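In the two complexes below, chain A is the common chain; its partner is chain B in one and chain C in the other.
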Partner chain A sequence: MTAGSPASSRRLSQLQALVLLAVLLAGGVALLEAFGSGYHRTLAALTLINVMLAVSLTMTNGFTGLFSLGHPAFMTLGAYVAIAFTYPAGRKSFAMPDLPAFFSGIEWPLPAGALIGAIAAAAAARIVGISVLRLKVHYLAVATLGLIIIVETLALNLDGLTRGGRGLTGIPRSAELWLIALCTLLVIVGCWRLKHASVGRAMLAVRENEMAARCFGIDAVRLKVTAFVLGAGIAGFCGALLPHVVAVMTPNSFGLMLAFNLVAMVVVGGQGSILGAVFAALAFSLGTEGLRPVEESLGLYGLTQVVVAVVLILVLIWRPKGLFGLDEPLVETR
Partner chain B sequence: MSGYLLQQIVNGLTLGSLYALVAIGFSLIYGVVRLVNFAHGDLMMIGAFLTLALVAGGEVAWAIVPLIVMAGGFVAGGAIERLAFKSIRGAPMITGFIVTLSASVAIQNLGLMILGDQPRNFLFPSVFRERLEIGPVSLGVIDLAIPAATLLLVAAVVAFVQRTRLGIAMRAVSENPLAARLMGISLDRAVLVAFGLGGALAAVAGLFWGGKFGQIDPLMGFVPGLKAFVATIIGGVGSVGGAALGGYILGFAEVAFVGFMPAEYAGYRDAFVFGLLILILLVRPQGLFGREEEQRA
Partner chain C sequence: MTELLVARGLGIAFGGVVALKDFDLAVAEGDLLGLIGPNGAGKTTAFNLLTGVLRPDRGTIHFAGREITRARPERRALAGMTRTFQNIRLFDELTVLQNVMAGAHGRHGASTLAAVFGGPVLRRSEALIREKAEAVLARTGLAELAGQRADALSYGDRRRVEIARALAAEPRLLLLDEPAAGMNDREKAALSELVTRLNADDGLTIVLVEHNVRMVASLCRRLVVLHEGSVLAEGATERVLRQPEVVGVYLGRRRDHETRQGAGADASEGAGGGC
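Right, the complex of A and B next:
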C-alpha cells in the first residue's frame, strides 16, 4: 500500500506507531509513579507482564501453528534461576542450602539475573523442543502440559533450592515499572520485526500449510524450534520478573490455569496478531481484576475463570479467527 | 513371592483399572472426532460428586448407585458434546483443543463455585472397606471390586463396539467419516454415543477413585485425566483394548516407581509419568500397539 491510498491513510505508519507506543508507555509509567498507589503500580506491572507473555505466545503458537501450553514451565524455570542470582546473599544459606557455593556470595541486579533466567529457559526449550516439536499437534499440547507438571513436581521436591511448597519469600521487589515497560516495548517491537521479516513469513507459511512450505525448501522443524525457543526465552524472562514484583515464589505460582489463560488471550486476540494479543492481554488483566470484587462479594470463587472459559468458547464458535485473525489493526504492515 | 511384591501388584491392578476406564473414553472420542478431549478427566470428578450426593441422601440402594452414576456420566458427556463441541466440528484441530480445554476449565471452576475448594471425605459402605487377609497380603474388598468391575465393563464396551449396529457405525466413522455418512450412518449419533459412553466410564472411574482414595475435590479430575491420556498413548490411540492395556501398563509402572524406588523419590511420581509420556512419544509416537497414521497433503 502506498502512503497516499485511502485505505492506508487511516492507519499509522510503523514509525508513528512505535513513537505512540513509547509515549503511551512512558506517560503511563510517569503518571503511575507520580500519582498512582502501590496497588496501581503492581496492577500495571502484572498487566504489562501479561502483555509480554501473550505476545510471546502468539509468536510461538500463532506464527508457526504450534499448540504449546508450556509457557508456565519455562516461567517457573526462569524465575528460580533468576532468584538464585538476585536473592539477598545473606539469607541464601538459610533459604537455599543446596545452592552451589558459587552463588553464596553473589547478589546481582535483576536485569542480569532475569537475562540468565531467560537463557536457561530458552536452553531447556531447545533441548525439549528438538524432540517434542516433531510431534503432531495434539501430542505437543499434552507433552507441554506434562512439562508444566514435571517442572512443578521438581520444584516441589527440590526443597533445598526452592523451599518446596512453602515457597521463597523476601525476594527483593526490584522489578521497577519503567524496566518492565521498557521490556514490553522491546518484546512487542522485536516480535513485530520478526513477523514481518522473511523468517516470520516462512513461519506463517508453515502455519498455513506445512507440507507446501516444506516443498518450497522451508525447514519447518527448525523454524518451529526457533519460535518455541524464542517464546520460552521471553517466558523465562517474564517468569523472572514476576516474583520480583510480588516478592514471593512458589512451585505452583505458574500453573495449568495460567497456561489456559495465556492461550485464551492469544486466541481472543487472533492467533498470530501481535496487537490483538496486546489488546486481549490488557482486556483480560483489567477485566479479571474488575471481576475480582464481584467474585469476593458473592463468595463465588472461580466465577472469573468460568467467565473466561465461556467467553473463549463463544469466541471460537462465533469468530473462530479471534478479533483480528492474523492481521494487525491500526498500523501499516509494510 | 514376597508379600510386599504381591501388595504392589494389587495396587498396580487397582490404579491401572482406574486409568483404563478413563483411557477407553479418550480412545473412543478420539476415534470419532480426532480430538483429545481435555474435559474428559473432569467427568471423573462429576461422577465422584454424583456418587457422594446419592450416598449422602441415603435412600438409594447401593447396588444401583453405579448405574445411576454411569447414566449421569453418559448425560454429562453427551451434554458437553452438544453444548461445546458440536458447533465447532470440522474446525481446525487447534480450535477443537482450545474448546475442550475451555470446557475443562469451566467445569472445574463451576465445581469450585458450587462445591467450594475443600476436599470432601468419601466413604463406601462398610462391606467394601473390609479387609481380607490372604496369606501375607492385606486386601480391601474394594481392591478386588475395582479390577473385577473394570474387566466386566471393558468386555461390555468391546462387545458393544464389535457387535452392535451402533458400535459398528462408530468404527465406520472412525475409519472414514465421509464414507460412513454416505452409507447413511448418522455422524451426530455416533459422536454423541462416543462422548456419552466415555463419560459413563469416566464417571464410574470417579466413583472408584473416591472409594479407593477416600477424598474428592473439584480439581481432582484433571491430572488423573492427563495421566489416563498418557495411558491411551501407550496403548495406541483409537483402540479400546489397547487403551485398557495402556491403563494397566501405566498403573503398574507408576506403582513400581513409587514402591521400588527409594522413598525420597516417591514425590516425583507425576514427573515420572509425564517423563515417560515424552519418552514414548519420541520413541514410538503411534503407541506400543498402535498403527502409524499416514499423513497426506
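Right, the complex of A and C next:
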C-alpha cells in the first residue's frame, strides 16, 4: 500500500504500466474505429475526457490540498476560445458576429484551437489564483463555485460570441478518438511524473502541513498556483475537446453538476491518487451511461445523479480517504 | 565569533496575552544555546517569530547579517534557518524518506517543467536529493525506517524524522523545540549524542528548547531563561542554573516528571550524565 514500500514485487514497473496503458488505449481506439458504432465512439471519447478531467483535478486538489471546484469555469472558457478558432469560417459572421475581424477568415485544426483554449484557461487561472488561492479550503470551494456562475453568466450575455442560451451548433466534430486517447495518455503520464518528482513531493508536503513545508524552504503559494494553473489548463483543453465531440456548446454545458461529479470522482478514487481518479472516472462514465436505460424505463429521471451522490456519501463514511488514499494501486512507485 | 542570529526587542501578544516581551537573543556561529523556561514562558513563540511562522508586533530579526523580520518562512529556511516543531508536524501520509526528501526540495528540487518533461536536469536533481536524504537518514539512524509511513512511527522516531527533515534543508542554524519530549532514555541518549556531533563535527549552530534540565546542562555551554515572555537570565550554563531566581521560577512551575528527574540538577551534577 505505502508509496515507496519495497514489498511491491507483484506490481507493474512504471515502464510496464506505461506500455500497458498505451496498448489498452491504442487497442481500444482501433477496435472502436473498426467495429464500434458512432454511439460507442462518442461514449469512449466522453469517458476519456472525464478521465483527463478527474486526473487533472486530483492533481490540483489532491496534490496540494486545495479544494477547487472551478474546473467547469475553465472548461467553458477553453471551449469558447477554441471554437473561435475552429468554427467554420463561412458561418462565423452569422453565429458569432461580435468576433473580431481577425477571426473571420480563420478555421484552424482542433489541436491548435484547443491548445490556445488551454492557454487562455491557464492564464485566467493565474490571474484569479493570485487572490483566490489565499483563501482557506472551504472558502476556496465557494469562491470557485462563484467562478463557474460568473463565467456562465458572461457566456449567456455575450451572445454575439456565444449565441447566448441558444448555444452554438454545427461545431465540427473534429475531436478524433485517437487524438483524445493520445491526450489522455499524456495527461496521465504528465501528472504521474509530476507527483513522483521532487516538485510533487513538495506539493504533497504542502497538502500535509503547509506551514511545516514552508519552514523547510518550500514555496507553498507558488506550488499551489502551479497546480491550480496546470489543472485549469488541462480543464480548458478538455473543455475545448468536448464540443468538438458533440458539435454543440452552450453557456451551461459545463456547470455546477459537473463540478460536483468531478469532485465525487476525485474523492472516491482517493485525493491525490492518479490511478484512483482514472478508475473512478471510468466507473462514473460507464456506470451513469449504463443506468440511463434504467432511468428511462422507470421514468426516474435524475436517478444516476442520486446514485453518484449516494456512492460519494458511502465512500466518505466508510473510506474517507477514498479507495486508494494518496497511493497508486498496481504500479510501483519506488 | 560572529553573530549568526540577532533578535532585538521582539514582542507579540495574542489578544490580551503577552506571549513575548522585549525579547533579545544573540546566537553566535557555532553556538549550542539552551533556551529554557517553564510552561508558557514563550519559548515556542520565540521560535515561531524567528522562523516566520508568526509576525512580531515589534522588534527586529537579523540572520547572517540580513534583516529578515518580515521575510516569509521559506526565505528564512533557504537563508539557512530551519526548525523542528514541539507539536510534531510531519507529512503523515508520506514515507520517512519522502519526508526527508521534501526537506531537500527547496534547495535542490527541479522545476515543474523539468519534472513533467524529464531530462538530465531532473535526473541529476532527483539523484542528488535522494543521496542527501539517504545520508541524513543514515546520520540520524533512520535508514531502516525509510519506507515506513510517517504516521506509523513511534513517538520518538517521529521526533527524529523531524530533525532529519530539518537537516535535509541544510541549515546553518537549527532550532530544536523539545526534541526529547516523549523519548525513552535510550532515545534521549542517542539524541544528545546526535546534537553534540552536529554541533561539534559539522559546526551546525543549534538552539535547543528543552524541559529536561539535565540534558540541557550537559549539552549547552550557554543558556537563556525565559519567564512570562521575558528573559529572566542568560549566560554560562553553570552560572545561570545557580541563580536563585532561575531556581525559584524553574522548580516552582515544572512538570511533574521533570521535577523528579532534574530536582537537584545544577550544572556540575548534570554535566556528566547522559540523558
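Methods note: the second predicted complex is superposed on the first by the 328 of 334 C-alpha atoms of A that agree within 3 Å, B and C clash if a C-alpha of one lies under 4 Å from a C-alpha of the other, contacts with A are read in each partner's own complex, and residues count from 1 in each chain.
Throughout what follows, a contact is a pair of C-beta atoms (placed from the backbone, for glycine too) under 8 Å apart; a residue touches a chain by one contact, two chains touch by 3 or more.
In this text the structure is predicted, and so the values were computed from the model without any measurement.
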Next on the checklist: Both complexes share chain A, so when I overlay them there, do chain B and chain C fit or clash?
Outcome noted: fit
Checklist entry - After superposition on the shared chain, which partner residues are touched by A:T226: those of chain B (first), chain C (second), both, or neither? => result second
Next on the checklist: Quick test of understanding: once the structures are aligned on A, what is the angle at the Cα centre of chain A formed with chain B and chain C, as a multiple of 10 degrees?
Outcome noted: 80
Checklist entry - Just chain B (first), just chain C (second), both, or neither: which does A:L256 touch? => result first
Checklist entry - Does the superposition put A:R201 against chain B (first), chain C (second), both, or neither? => result second
Checklist entry - Touching A:G167 in the superposition: chain B (first), chain C (second), both, neither? => result neither
Checklist entry - Of chain B and chain C, which one touches more residues of chain A? => result B
Item to check | Partner chain(s) touched by A:A309 [first = chain B, second = chain C, both, neither] | outcome: first
Checklist entry - In the superposed arrangement, which partner chain does A:G36 touch: chain B (first), chain C (second), both, or neither? => result neither
Checklist entry - What is the contact status of A:M211 with respect to chain B (first) and chain C (second): first, second, both, or neither? => result both
Checklist entry - So after superposition, what is the minimum Cα distance from chain B to chain C, given in Å? => result 8
Next on the checklist: Quick check on my understanding: which residues of chain A belong to both its chain B contact set and its chain C contact set?
Outcome noted: 211-212
Checklist entry - Inside the complex, what are the residues of chain A that reach chain B? => result 65, 67, 128, 131-132, 135-139, 141-143, 145-147, 149-150, 153-154, 156-157, 211-212, 256-257, 260, 263-264, 267, 271, 300-303, 305-306, 308-310, 312-313, 316-317, 320
Item to check | Sites on chain B touched by chain A in the complex | outcome: 35-36, 84, 87-88, 91-95, 97-99, 101-103, 105-106, 108-113, 116-117, 222-223, 226, 229-230, 233, 267-271, 273-275, 277-278, 281-282, 285, 297
Next on the checklist: If we count contacts the way the header does, which residues on chain A are in touch with chain C in the complex?
Outcome noted: 2-6, 190, 193-194, 197-202, 204-205, 208-209, 211-220, 226, 230, 325-326
Checklist outcome for this item: chain C residues touching chain A in their complex are 51-53, 72-74, 76-78, 82-83, 85, 89-95, 97-99, 101-112, 114-116, 118, 122, 125-126, 129, 147-149, 165-166, 168-169
